[in-house]
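Take a look at the structures below.
Okay, so chain A shows up in both of these, paired with chain B first and chain C after.
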Partner chain A sequence: MTTATIKAPPGVSPARGAGRARRRAAGWLILPAAALLLVFFVYPIATIVWQSFTDPAPGLGNYVALLHDGISVTVIVRTLVTALIVAGSTLIVAYPYAYAMTKVGPRARGVMTVLVLLPFWTSLMARNFAWYMLERRDGLIDRMLGLIGLDGVVLLGTVAGVTVAMVQVMLPFMVLPLYSAMKQIDPRLLDAATSLGAPRRRAFAKVYLPLSVPGMLSGFSLVFIMTLGFYITPALLGSPQQSLVPQVIGQKVSALLDFGGAGALGAVLLMITLLVLFVVSRFTRPFTALSGTVGNE
Partner chain B sequence: MSPSPSDGSHGIRISRVSKVYPGTARPAVDDVSLDIAPGEFMTLLGPSGSGKTTMLSMLAGFVGVSAGSIEIDGRDVSRLKPHRRNLGVVFQQYALFPHMSVAKNVAFPLQQRRMPKADIETKVAEALKLVHLEPYADRLPTQLSGGQQQRVALARAVVYQPRALLMDEPLGALDRRLRDQLQREIARMHRELGMTFIFVTHDQHEALTLSDRIAVFNEGRIEQVGTPADLYERPETLFVAQFLGESTCFRGTVDRQAGVLRCERFSVRVPEAPETGSGVVIVRPERLELCADETEVPESHNRVAATVTDVVYVGTHHQVGLRFADGTTGMAMRLVGPPLPAAPGDDVTVAWDPAHQAVVADPAGAAVSVPEVRSATPVLP
Partner chain C sequence: MSDAVKPAVGRDHALGWGLKSVVALVGLLLAAPTVVVVPMSFSGADTFEFPPKNWSVRWYEAFFNSERWMFSLLTSVQIAFLVALTATVLGVGVAFGLDRARFKGRNAIRSLMMAPMIMPGIVVAVAIYGVFLRWQLNGTATGFVAAHTVLALPFVVTVVSTSLAGYDRTMDVAAATLGATALTTFFRVTVPLLAPGVLSGFVFAFVTSLDEVVIALFLQTPDIQTLPVQMYNSITLEIDPTIAAASSLMVAATTIVLLVPLLVRRKRSTS
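Coming up: the complex of A and B.
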């Protein structure tokens, strides 16, 4: 903590000096969290990356193997495409919902917020098994679609089935940043635009939509990154032929004991994540990409 | 500007408009009719919740009318969408598009009208010149002060020559000094553009200094429409008298035959008493004379004994607080300069010319607006 070493320069008024001292004291408050992260996050990641270069032999062997094993590149691309589809679908579903949240009265908004947060209070396992029951052959979805003449729609084991479940799990992470961005948009701007001659729809496209871009970016990047590392849902609802990166990593670790290879794949995933965050932060103010989740009431 | 109402083919005609929001018992706007002449500066004045902003929103088309009609230049626009009404609107919180530069904000309405690019540039430059903001064309709204932002909003709302400019408390968010400055700017724009301005405010000073005519709103209805001088000097209701400016109000019973208003301890001459029943005589502070010697007062003047309660120096004048025999409190105003004839605690005679008073019905008294109802209370001698 560099703030801890800064001394108040002479001539600074006592009040400001006191404020700084208080801030310095506050700096110590994050020490436990920092220590925890260091031991249980930074150290393991460093180990994994280190192993990817050293296990079984020093060098770039693990990374070269990823390029040539004929499956890793396909899986990475499939994972990226899936994450894009999930983030995009979540955005499409969440946008009208978040917009409605800014329009309704305080009581209805409370109900809508609870509905969004409900999944958070339910075990992820329970939700995945619920989707399993819905998506399996003779499950609810299959039978419902059978009623309207679409027989044999089994989502279980398909990319579509995994996507639907992931969209549902990811919805809160999109709705909340979107809502916190949208509630800062002055609703009078739409009135102003229509009074100036823009039909309602064009007013929305020209004024509201651009102003909600920061919310869309932070929600999109959050969901995209989380989907990249999603393990349980694809493992349970997808098929081994359609595995995503986290499943392959799991397999390498638990079945093949290929720690170096798993580390390399993990490092690639980490790089992609950092790259996405970097690109998004170029378009928004620093740190807003992820801060949307904290910014809800 | 002629305050005469339009013939209906030009200007804005509001006919028996009401607005009832769902789930509310009392209408926000209750059977309001108002004619606004082309080029007129009309102010809708009233306390918050009086319906003036709702009225403006109905004119702009942001909310629909529950009953009645709004005509602009002879055409019924009550069911027209806001973007088809060709009106300019200025909001209290500016409502500038934060992601567009000043020039882009002002160009927005022209782009909606598919104006050629070269013309847009000329028009935007002209409009920014009108509000003295040419050097700020490329700034973002957030880089401007509140007063500058509101000037951009004004430029944006007049650049396409709308049929009228509607302003909803446009000076409400500004501090005092900026407010005075922008007020002069709005008056100048009205002179230069010759456009119909409809201005909503709760500030009586803004209303008095800017308007050709003022419509005073109270509880969803118009209490009185008139020039600032009409409203100040000849208020028709107690509400108008008390909302606009200071006044001393004598409550009593009108005796039409004797031509007096009988108060508890004294009576006041009312040569033009409109009705019989409970009434209030209203006198503005600058019309009240304070006399130590009663013989100086002309015979025709009203005179009432009072005690001076306090004297407040406010720069240009003194405010002299008064208490009359029946407990009524009032206020007189004396220009600074001539010596004050009285100090706190002194008994004085307060006199005024009945021509400068107004007599209105007392809303707290009996139903005076119905002439058959005679006063039931015994008149004190």
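Coming up: the complex of A and C.
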């Protein structure tokens, strides 16, 4: 890094001869991937959004139906509430963990990092199967809680059961941004606050907590957005009476081939996602915080 | 677990007992699924119990003797391999293009490449299913590979871009001043330096496809079912204990595959 002293002045293309033509030529390397994404990603998404306005009849019929079918609004609200609960619980669980990561020695931090990345590594279906077995009647959780006198706690088929599984898999997305924000906080600030007479707890609340807000914001928004799109976990661990937006989208398509209705719900989901991303991007950049930590692995 | 939270000797702020136990509990939550799945697959009983009372490898035998499970495994591996290959070739192109070329709309391209990561999976799945119905790509290998490549591309682009960003281009100049042609420089300098990043991209793409369920659920036909889809069906349709063996094998496979780039890197740095 210290040898990187040769810098071209602005406006002059760096050092070597082939120069501009080659720089333009390199741009063509993007073309195949861009074409693939246009055909197999942009076009399908555009089509289903288009269908939400045209299928079966042109107009806003599908969106009006969402308001009046007596179920969609409930499902959307339930999905938003679930995402809030999951993001909130993940934050509460992740905060002390990330804080501890900044305090321990390098070896313990290594172990904690591997642990927090475990959900990334564990196959999605294996993970959900494990929760299915843990949460069902006579599963490990039921029996363990039975030992301390709480009988008949069956998480399978409940919102709580879905939440636990979601929190587990979302933890990396909260811990990593939190950790990268916290490790930049100078611990001497806390010492300064206490030396000025603030009790430790107060110093933490007034100094440390506000400084960790950017990390909390990135983590919270990431988890919130990703939770909105969960399909497999609620389908396997939740109940059909408590279905979330993704399940309803899936049902509309697989059972009824109602692409218009599914498109309308999908568009709502997308709008919420983009809105959250937009609002949060005014304060912080959630995805850069993540790629800074994960990308190097 | 206690090892994970042992404070370093001589630290100013050793963790208090409260914080230690919270960390231990969170660690338990993180590890719970993995810790449960492996012992369960070695159960000797007909139904699931955890912890198992007696041990056997019968579910592994059932897995490897079942035509259906083996066929889905083979399907998954073939698709994942093709996806990894396609996504790596295309993704390396994108990373090079974004790194070396200067043109308007680079940021737009970058966002386009990352978009599949933010888009809710179910929306992508039904959208692709919709157009594939018309193009008759449902239940075809081409359809699976195309759809999974879309999801895998962001990972390859990110990983390769990162290693390109750390690539010191004075190396190219050094090779040129020593008399190497552009081609020689590329194969003797650029390729070896970028190989670990490209390998990571390949591996991420492979695992992304191997593990993908939502799109695969919609594109499945009786003739073509990936392993995760077979697992999904075996939970929802009939509880077939073979899934415990399949789960453990998936965990083992992803772990091994993801460790490969790390090991390669370590070997390079020691030799």
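Observations
In this text, the second predicted complex is superposed on the first by the 240 of 297 C-alpha atoms of A that agree within 3 Å, B and C clash if a C-alpha of one lies under 4 Å from a C-alpha of the other, contacts with A are read in each partner's own complex, and residues count from 1 in each chain.
By our rule, a residue touches a chain if its C-beta (ideal position, glycine included) is under 8 Å from a C-beta of that chain, and two chains touch if they have at least 3 such contacts.
Since this is a predicted model, take the numbers as computed values, not measurements.
Once the two complexes are overlaid on the shared chain, A:Pro199 sits against chain B while remaining clear of chain C. In the superposed model, A:Leu211 lies in contact with chain B only, and not with chain C. Residue contacts after overlaying the shared chain place A:Gln51 against chain C, while chain B stays out of touching range. Ranking chain B and chain C by residues of chain A touched puts C first.
In the superposition on chain A, A:Leu189 makes contact with chain B only, while chain C stays out of contact range.
No residue of chain A touches both chain B in one complex and chain C in the other.
Residue ranges on chain A touching chain B, taken from their complex, read 186, 188-189, 191-200, 202-203, 206-207, 210-211.
Against chain A, in their complex, chain C makes its touches with residues 3-8, 11-15, 19-20, 22-23, 26-27, 29-34, 36-37, 40, 48, 50, 89-91, 93-94, 96-103, 109, 112-116, 118-131, 146-147, 149-150, 153, 157-159, 162, 168-170, 172-173, 176, 182, 210-211, 213-214, 218, 228, 231-232, 235-236, 243-244, 246-248, 250-251, 253-255, 258. By the touch rule above, chain A contacts chain C in their complex via residues 3-4, 6, 14-16, 18, 22-34, 36-37, 39-45, 47-48, 51, 93-94, 96-97, 99-100, 103-108, 111-112, 115-116, 118-119, 121-134, 139-140, 164, 167-168, 171, 187, 225, 228-229, 231-232, 235-236, 246, 249-250, 253-254, 259, 262, 266, 269-270, 273, 277, 287, 291, 295-296. Taken in their complex, chain B has these residues touching chain A: 60-62, 81-83, 85-89, 91, 93, 95-99, 108-109, 112-113, 156-157, 160.
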